[in-house]
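In what follows, chain A forms one complex with chain B and a second complex with chain C.
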Partner chain A sequence: MTRVLRTIAAVGRKEFRQIGRDRRTLMILLIVPVFTLLLFGYALNFDIRHVRLAVDDRDRSAASRSLIAAFVNSGYFDLVAGVDASEATRLIDRDEVRAVLVIPSGLSRALQTGRAAAVQVLLNGDNANTATMVMGYAVTIVRSESAKYAGPARPPLISIEPRLWYNPELRSALFLVPGLIAYIAMITAVVSTALSVVREKERGTMEQVRMAPLDAASFIVGKTVPYFAISLSSALGIVLVSMLLFGMPMRGSWPMLITVLSLFLLGALGLGLLVSSIADTQQVAFQVAVLVSFLPTIMLSGFVFPIASMPRVLQLITYGVPARYFLVALRGILLKGVGLATIRLELAALGIFAGVVLLLASVRLQRQWG
Partner chain B sequence: MRRVQFLIWKELVELRQDPRLLAIVVVAPIVQLLALGYAATTDVRSVPMVVVDADRSPASRDLIARFSASPNFSLIDTVSSPDDVDAYLERGRAWMAVAIPPEFGARLLRAEPQALQIVADGSDASSTNVALGYATNLLAAYAEEKAGEAGRAGGAGGAGGAGGAGRIEPRVRVWFNPRLESRDFMLPGILALLLLVVTTILSSAGIVREREVGTLEQLNVTPLRRWELIAGKLLPYAFVGMIDVCLVVAVAVFWFHVPLRGSFGLLFVLSMDYLLTTLGLGLFVSTISSTQQQAMMTSIFFFLLPMMFLSGFIFPIENMPVVIQKFTYLLPLRYYLVILRSIFLKGVGLETIWPQAAALTGWGVAILSLAVVRSTKRSV
Partner chain C sequence: MNAITVANLTKRFGGFVAVDGVTFDVERGEIFGFLGSNGAGKSTTIRMLCGLLEPTSGVAVVDGVDVGRDPEGVKQRIGYMSQKFSLYEALTVDENIHFFGGVYGLDRARLDARRRFVLDMAGLAGRERTRTSDLAGGWRQRLALGCAILHEPRIVFLDEPTGGVDALSRREFWKLIDRLSDDGVTVLVTTHYLDEAEHCNRLAIIHAGKLAAIGTTSVLKARFADRTIVEVRTGNPIEAMRQLDATADVEKTSVFGTAVHAVLRRGAGDRASALASRLESAGLHVEGVAAVQPSLEDVFLDVVQHAG
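== the complex of A and B ==
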């Protein structure tokens, strides 16, 4: 047993030394993830403000000016230009404005004589989500402006008291950070493990390793331990930075957080090993690693695109994406402070994923070893 | 020129000897596009929700039926006590809970104003926002309908209030994507992203691989000039990239029915322009790295990730802080995305998107020149 441990330690030491010599890769693995989080944490935002608006005011009355003021004062729209009809098309085409407000010439007369007047809002709908939200803002502003002319308002029959749990201000950072952790951890773990094994194959040093008094299992464990340590510390770094700078709450327990992180990373490392058993060159390894980790983790995990909106078949596929469980568990621990009982299914799924890929990888690598 | 031809031939032979790589760079983008094309919808539909029905009257059942009939919601469960909601929200099984208070039906009959509480899970901020919007609209429509009924029941006079005064009605017209399908917007973006991933990674290994395997020495003793080395590396990958462009556009148009309103010729030419930048970028990374691992890590963290998140692919640039908005002008993907979306959805031509095309060309020329300058063949 001690002999096995010693060989594992030897492989681990070799790997650490190799990583240590490649300063840039080590830096990329340890520091860049935190930096990436900083950049994205500040940059990314789903809140839509400062929508560029052009106005085609054909009425030029007190009423039309008041309506324009209502748009500008809402804080959602920035008035870019006053235009006429022909120019509006050009501005939208060239993305200089996202919305054009067209006020018909009869607005103030209609309001005085107690008739209805329609104002038109032209929207660039290329980004459907943004357009939906802008549409909501515009309709609300016009309605509330309209209510001013409607006389004393009756209270609505049913009003709504929304209450937001876990993230009452709906801050994007709190929602994005767990996703970014999953994303960054996945990439570093899968890619670096896959490359570390395939590199030995490609350079021919695999032969030397194989001749050493070493079995496949100790080789695999020795290879994984350093990357496990590195990715765990970089993931913890991200969590700490997000707590310090983005006010990410930590409502759950640390041991559970570390357990979840470890399980997820184990799965990722196993996936990396599995990739390395398939690929013979680093180029292939990298392409495969990116395809199995990079895109699914962001697209199929519920990080950006809601799983509930996907077609049935694809929803089934998302059950095979570990980031899906990781996200639920991580948000649960950080934002909701849930206990073990609540996320036991997610933990089990992560454990099963890690077990299966590690098993598959070691079977394949063992076969290649012999 | 002959020497470049030989190098191209050598690269193609190498590519063919590695059938796995060839398969990956040709087949994988299509598979990914198929999967991601379905996944990449930011539309929020069938929001999982629970209802707390403390009233249990015909009116509350009627309201619940409205929620379960709406495609925007998927009713998971109806519970009777607000305490039962916690478990659903904690485990993420439901995103929101609507609490119908006791006496809801009775008050509705008396046309008394009342408040309904909605509890929503804020940990997924963007979807929650949309879901709340849906619930608000549904309840507003319901309340209006009930008010109308109460008005009619109470005699014709009660329905008034809207009759006498003038009002402004909003008419929203959405251009380019009137059904507000997020897929039409996302798919061109996925095309750009796949091209970026496949070609940058492919070429980032280009020179550093020769260095690592030790064959760069052999290339060094040939009379090959620097720019010839770069050109010979670039062209075969560009060829692969062009195939990818055609395949992926075909899938987007014929499978997903994304409207291609502009000209395919223009799209193709500008895609070549874009390939110039992604391949140039890869080769540049290759010249500044000493191992393939370095090259790949560098291209992922310094180029792919920032481009993916900051180019406007998912997160609108106009929402970013001003400093970062300026920074995004450095990303070629930003320009290509505008080009793609303009050609696909708006059907505009070069007269509108020439600034983007020019920026892309400039970027490509600059990065390739840098790669040529940096590729001092002899440094190992």
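== the complex of A and C ==
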């Protein structure tokens, strides 16, 4: 037994040293995750601010000025022009403004007499996502402005009061960061593990080690442990950076978070080993590793596209994508602080995925070991 | 008991027979050479003997262990080094020694002793902290040998160990092999440097997966006992070969550097002077003609040709 541990320790120590001296691997493991997080965290912000707004104020009253002020003070809109109807169309066509607020001339009279009045918001719909979000902002502003005029005499009989939990300001960062963690952890773990094994095949050191009385299992365990340790620290690092820079909450328990991260990473490492058993050159290994980790994690996990709106076939495929379960569990822990009972299915799915890929990988590598 | 006993060893890859019914023995402490062109089946044979490849049929017993039944047991008893000197280049000399000591399961005390031995043997004492990638080929090769024998195996397999190394380092390396052999270690080595093959106690020539010849160098050279080899030096070896091939007494010719070796037919006797006059009458300037002792290269070419 001590002999087995000694061989595993020898492999693990060697691997740590190699990682420490290999600039490319270090980059993949440490720099790329942080860089990706900053890039996506800041650049891939789905919040829309500074929407250029023109106003066609035909009422020119205190009420209309108050409404315009509400738009500007919301922080979402920048007032760039006061216009008339014909000019409004021209500005939108030339993309000089993205929205035009049209206030009808009867607004203040209508408000005084308690009649309903409609204001118009013209939106450039060429980017549907942006338009939908801007419309949402506009509706919210108009609604809260109109609440001022309801007054005690005429309380609105029925009103909808939407309330958003967990991410009340709908900050997309809070939604994105768990996805980023999945994406970054998956790529680094799969790519670095696959490359490290295939590199040994390419350079012939694998054959030299196979000549030693060392079984495939010890070699694999010794090789995986360092990558597991490094990817786990890297993933925790991303969580901490997200908390510091993007104000991400951590409402659940740390042991729970580490358990979920570990299960997910074990699956990723297993996937990397599986790739290494298929590829014979680092180039092929890299391409296959990126393909099997990057695409499903981005496309089929619910990170970018909601699973519910996918075609049925794709929905079925997502059941085989570990990031799908990981995202639910991670968002649950970080944003909602849920406990074991709530995410036990996700944990089980992650465990099964890790078990299956690790088993497949060791069977294949064992066979090649000879 | 022999160090290695091989009987009817065969390896097929699909329809291709890489090693075809090879049979031979290697005695303890012997330096046994494997000669053969690329793809002849040398490496496949070695890989089977090391327990890396399962034989399709036949038996190989290495240090008393049946390779087909207990490949792991074989690995414990042998050392292996290949032409690629597969060390970890990012690691230092010392770190490589510790790694290979670790995978062979050496405990601390034994590893310390063996580390010292290997550093001495490879001449790397004082350079323990040098990155392996910074070592010249010869040092790297000696370190690789050292790492392969950390666990003091009784049998060492060297698969073209001197590929890509300069002549001086090759000579140094063969001194190490001689030392191992003096200590009672059996060495099985493949090479295509025929001058190196002269170091071996016995040689096996493998051609197209079959054992074409086996024996000491003098036994192998004895196949020329009743044939004479004449070395011809001329300014135009190509034309000389053409002329010689057309001569009735000449069995075959081959180029050796700038000279031509002509093997004479049995019973032709020493007809060097007759050959010289024939060449001169064909207008060639003959610088020298003399009967020579067969070299291993003559033997190798002859064996391969007859094995066809």
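Everything that follows uses one rule, which is that the second predicted complex is superposed on the first by the 254 of 370 C-alpha atoms of A that agree within 3 Å, B and C clash if a C-alpha of one lies under 4 Å from a C-alpha of the other, contacts with A are read in each partner's own complex, and residues count from 1 in each chain.
Convention: contacts are C-beta pairs under 8 Å (C-beta built on N, C-alpha and C of every residue); 3 or more make two chains touch, one makes a residue touch a chain.
Nothing here was measured: the structure is a model prediction, and the numbers come from that model.
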| item | value |
| --- | --- |
| Which superposed partner A:I181 touches (first chain B, second chain C, both, neither) | neither |
| Touching partner for A:T7 - first (chain B), second (chain C), both, neither | second |
| Which of chain B and chain C A:P213 touches, first, second, both or neither | second |
| Contacts of A:F305 with chain B and chain C, given as first, second, both or neither | first |
| Partner chain(s) touched by A:T205 [first = chain B, second = chain C, both, neither] | second |
| First (chain B), second (chain C), both or neither touched by A:A118 | first |
| Touched partner set for A:R17, first chain B, second chain C, both or neither | second |
| First, second, both or neither for A:V241, with chain B first and chain C second | neither |
| Contacts of A:V225 with chain B and chain C, given as first, second, both or neither | neither |
| Shared chain A contacts, counted only where both chain B and chain C touch the same residue | 22, 203 |
| Contacting residues of chain A [partner chain C, same complex] | 3, 6-7, 9-11, 13-14, 17-18, 21-22, 203-205, 207-215, 370 |
| Chain A partner contacts - residues on chain B that touch it in the complex | 18, 20-21, 24-25, 28, 32, 35-36, 38-48, 74, 87, 89-92, 108, 111, 113-130, 132-133, 135-136, 139-140, 142-144, 146-147, 150, 161-162, 164-178, 180-182, 184-185, 193, 197-198, 201-202, 205, 209, 212-213, 289, 291-294, 296-298, 300-302, 304-306, 308-310, 314-316, 318-321, 324, 338, 341-342, 345-346, 348, 352 |
| Complex interface listing, chain C residues touching chain A | 50-54, 71-72, 75-76, 78, 80-82, 84, 86-91, 95, 98-105, 107, 148 |
| Interfacial residue positions of chain A with respect to chain B in the complex | 22, 24-25, 28-29, 32-33, 36, 39-40, 42-52, 67, 92-95, 98, 107, 110-133, 135-136, 138-139, 142-143, 145-146, 149-151, 154-172, 174-175, 187, 191-192, 195-196, 199, 202-203, 279-284, 286-288, 290-291, 294-295, 298-300, 302, 304-306, 308-311, 313-314, 317, 328, 331-332, 335-336, 338, 342-343 |
